[in-house]
Amino acid sequence: MAQAALRAGKHVWLEKPMALTLADAQSMADVAAAHPAQVTMLGYNYLRSPAFQAARALVTRGEIGDLLAFRGVYDEDYCADPDLAWSWRATLAQGGLGALGDLGCHLVSQMIALMGPVAEVTAQTQIAVPMRPSPEGPKAVENEDSAMALLRFASGAQGSFATSRVARGRKCRLQWEVHGSLGTICFDQENMNELWVHRANEAGFTRHLTGPEQPDFAAFCPAAGHNFGFNEQKVVEARDLVAAIHGGAHKGPDFATGLEIETIIHAMARSNGAAIRL
Amino acid sequence: MAQAALRAGKHVWLEKPMALTLADAQSMADVAAAHPAQVTMLGYNYLRSPAFQAARALVTRGEIGDLLAFRGVYDEDYCADPDLAWSWRATLAQGGLGALGDLGCHLVSQMIALMGPVAEVTAQTQIAVPMRPSPEGPKAVENEDSAMALLRFASGAQGSFATSRVARGRKCRLQWEVHGSLGTICFDQENMNELWVHRANEAGFTRHLTGPEQPDFAAFCPAAGHNFGFNEQKVVEARDLVAAIHGGAHKGPDFATGLEIETIIHAMARSNGAAIRL
Amino acid sequence: MAQAALRAGKHVWLEKPMALTLADAQSMADVAAAHPAQVTMLGYNYLRSPAFQAARALVTRGEIGDLLAFRGVYDEDYCADPDLAWSWRATLAQGGLGALGDLGCHLVSQMIALMGPVAEVTAQTQIAVPMRPSPEGPKAVENEDSAMALLRFASGAQGSFATSRVARGRKCRLQWEVHGSLGTICFDQENMNELWVHRANEAGFTRHLTGPEQPDFAAFCPAAGHNFGFNEQKVVEARDLVAAIHGGAHKGPDFATGLEIETIIHAMARSNGAAIRL
Amino acid sequence: MAQAALRAGKHVWLEKPMALTLADAQSMADVAAAHPAQVTMLGYNYLRSPAFQAARALVTRGEIGDLLAFRGVYDEDYCADPDLAWSWRATLAQGGLGALGDLGCHLVSQMIALMGPVAEVTAQTQIAVPMRPSPEGPKAVENEDSAMALLRFASGAQGSFATSRVARGRKCRLQWEVHGSLGTICFDQENMNELWVHRANEAGFTRHLTGPEQPDFAAFCPAAGHNFGFNEQKVVEARDLVAAIHGGAHKGPDFATGLEIETIIHAMARSNGAAIRL
């Protein structure tokens, strides 16, 4: 559908993940590249929160120095109950990747925005609940419930990465930290209005509450501490889409970046403990 | 305007505080009482957050037993800078009460929803920055920068109450705890998606993330941990207003409750350390 | 015993509270004053934690400017269970004051060290569990389970104060914040190795982990973040006692300060809502 | 020295890491095995905190079900400053491993106590500050500033592991979580008196404050919330040593377990991205 829309001269705004297979993602990115006048955008909404944008700005301005390491997780528990019924989500053909496709891709979208391109991936996956009940009896789960990875970035920095859909008690734990030579930044989407920053000359970590000094907050509220919401991320995303269509800067991620994300999570899915250079 | 609208047969939705003077609030409540077919509602938006509604439900269902005590603060720092220019906000005639009128009334709205009516108030106020710069030279601040109060509720429970607009580093610290004979509930609006609950038979405080099991969340998002936002409180408020107009239950606060809130904050403002029975 | 020891030429180190009655405390302070060569010290151990000492140093050095307000609580739940047996602790004759004598006095010891002398007290008390079981049947509890107070300090600053021994889920919640014209300091003994500080020019509150730059920590451990313990407070107290006996500076609190603390908590106990000038 | 002491019939209590090289650790374990009547113990003090022991007991009793995953870090920042002088610690011959030998081994000690034996390790290391100043000019740092690893446990569970001595703002961040099929446990040594537990039937994570219901706390204090300290871990360790010498159960870790820890960190040090089966 996306390719047909592009060929029909339309802009395309897609939810994530971009495609069920890496081949489809590649094909979509090719068609998008062949239609440069049309805007493509992917719904990686967590890139739009003021706190995340502020974190990226800190990194870009060099405020934490050279980047040394990234550590990130995205955990939820919506598949933790073994009695949860089998569904299409559990299939490779219709669901595609599991935790990586649903959750991990979000973490990758933030990670590459903060750290730059990934050079090498080594990963393991796990199916914690191999069979799930269905009206026809137990059926096999085909995609991963969790994944863990080691990463090397093109910059030389290191990364550790984990995602799970069976992490009891976690609801939207998209949590990461960036280690720089001059400071550290920490974030957890479950408290998406807090950014924790430490700089070399400071006593400890400082809690920055989301406020009008962070990107895109002031349009929603003039006062700090008045929480930005999950859904408002989507409002910013739509604004960015419209701005790009009207000739403004494209803030991404477009299909090219989407393909970069898919390449990383599919490498994690097939690594089985071996290093894969990207 | 509100009274004219009521007399003209209109429903009235007003921001808080209800009026600059207690006499005006009384008059407005009287007019509203004389027009029972029309809906009045006040914009105490913090009553609408899913976490607050869940807290009230816990109290109402008796899950923390008999209520013993309330402890609450609402602090911000928007007047902490002594170089902030004098404005109409600093006047009794145009700004009305200070921290009590802007912030404290919100805390009262939640407090009486949780604890029931207040029987007695003893309070102190303080003007931390007595003079502020203006183009004509320094001018006097007429209303309080902060207030503290002791309360007795009609139920016999105790209360401590504080509000400040000069509390350095606080942005939306509407924070309270309710002590019951069987448990304790804690909340802080700066982390409005967390409710902390302890029950007698539990090991400690449990962090409840806002989710679809809390009132009014599911209409915004199907998954817990995906943060509800400050502005979405206002959406719920508008929905409640429309529902009341269309004959549904009035979830309050109407002008009668608004008058109750005004009575309490004006008692705090004039107490000067003496107990005032309400 | 303390008076006899002083008269016998001994130094005296006493646990808190100093005495069961204010008259006894007065008498003890008088005897101590008559024996100035002998050291008296009271076991207000929470004054000795590195984090508290660091907080006091920040205040003393003027780093948060002029003091505006104090807000403090000390809550535990050891009497929350109504089936807890009646004991001597519940009597005025043998237990003395209730929550004020056991917990509140600790909070006062920190409060006056931070804020200076108290000028006026207005308080309420509450007995949440009026009767407790005993082998001879239910017996009356004579002293308060909780107390709340408003305070004016000699400096003109305001204070709010609360203590409870029936606060479900609280174990050692000696928690306070000091509001200054240039900053705010927050502390909670349940996380006694954290001090939260905000200064006017900073983005938010910074978490200071206890470390060797805080008073008296380096003698226990050379590295920050390696937690100081409750019992180690007592080690510092003993060291301070020995130092005072050997002619070093007396870091307090001696019997004179103990009497100041007793005066405040007994004023709270008898206020019954009326202002008491000290 | 340790081997000579064992041969001389002495019990041996050693600080960690056990040895500079894996060969030495092997030799020490061999000598210890040849002297089974003598007690050996290693100073992995973090195993002794009441919160850690409580966590291990929860796991052992099956309260979080089958173990799925471990995620742990141990970060400090004592080498983050590039101007810190070169010292023997930076050499393989005298300092041995870097972050792995100083910090990572502690995390391994807790990890295997919680998760059981490690079957496979894949790791990367990094030297963030390759040269450090010395009186003779800049000298090379030979051992790693940080390491990250993927792990497979013998049980089939997964693990992610990271340690750094250049993590700005971290002081004693020995932090981990254990994911089970029925619950999750989280811990951070910087708040060593808190254990966070979620069980399948609960609303969220509950904060368990260290108290007398946790192992070895009651001997130090009768009341929960009165913080256990870093140094008191060492007191428990010494008590365990003496108990083992006097014929009580050996709570470990002895030289055999020490060798297991060394085997893991040395595998991490030499992996260079390749999987190593243990």
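For this structure, a couple of remarks:
For reference, chains read A, B, C and D in written order, and residue numbers begin at 1 within each chain.
Keep in mind that, in the parts below, a contact is a pair of C-beta atoms (placed from the backbone, for glycine too) under 8 Å apart; a residue touches a chain by one contact, two chains touch by 3 or more.
Here's who's who by UniProt: A, B, C, D = Glucose--fructose oxidoreductase.
Everything numeric here is computed off the predicted structure, so don't read it as measured data.
Farthest from subunit C in terms of Cα centroid separation is A. Bringing subunit B onto subunit C by least-squares fit of CA atoms involves turning it by 180°, to the nearest 5. Mean C-alpha position of subunit B lies 32 Å from that of subunit C. For the pair subunit B and subunit D, the distance between mean C-alpha positions equals 49 Å.
If each chain is reduced to the centroid of its CA atoms, subunit C and subunit D end up 38 Å from each other. Among the residues of subunit D, those touching two or more other chains are numbered 170, 202, 204-205, 209. By the touch rule above, subunit A contacts subunit B in their complex via residues 76, 78, 170-173, 189-194, 209, 211, 220-221, 223-232.
Only residues 64, 68-69, 71, 73, 80-82, 120, 122-124, 126, 128, 146, 148-150, 152, 158-160, 162, 164, 166-170, 179-184, 198-200, 202, 204-205, 273-275 of subunit C touch subunit B when the two sit together in their complex. Note for the complex: subunit B touches subunit D at residues 197, 202-209.
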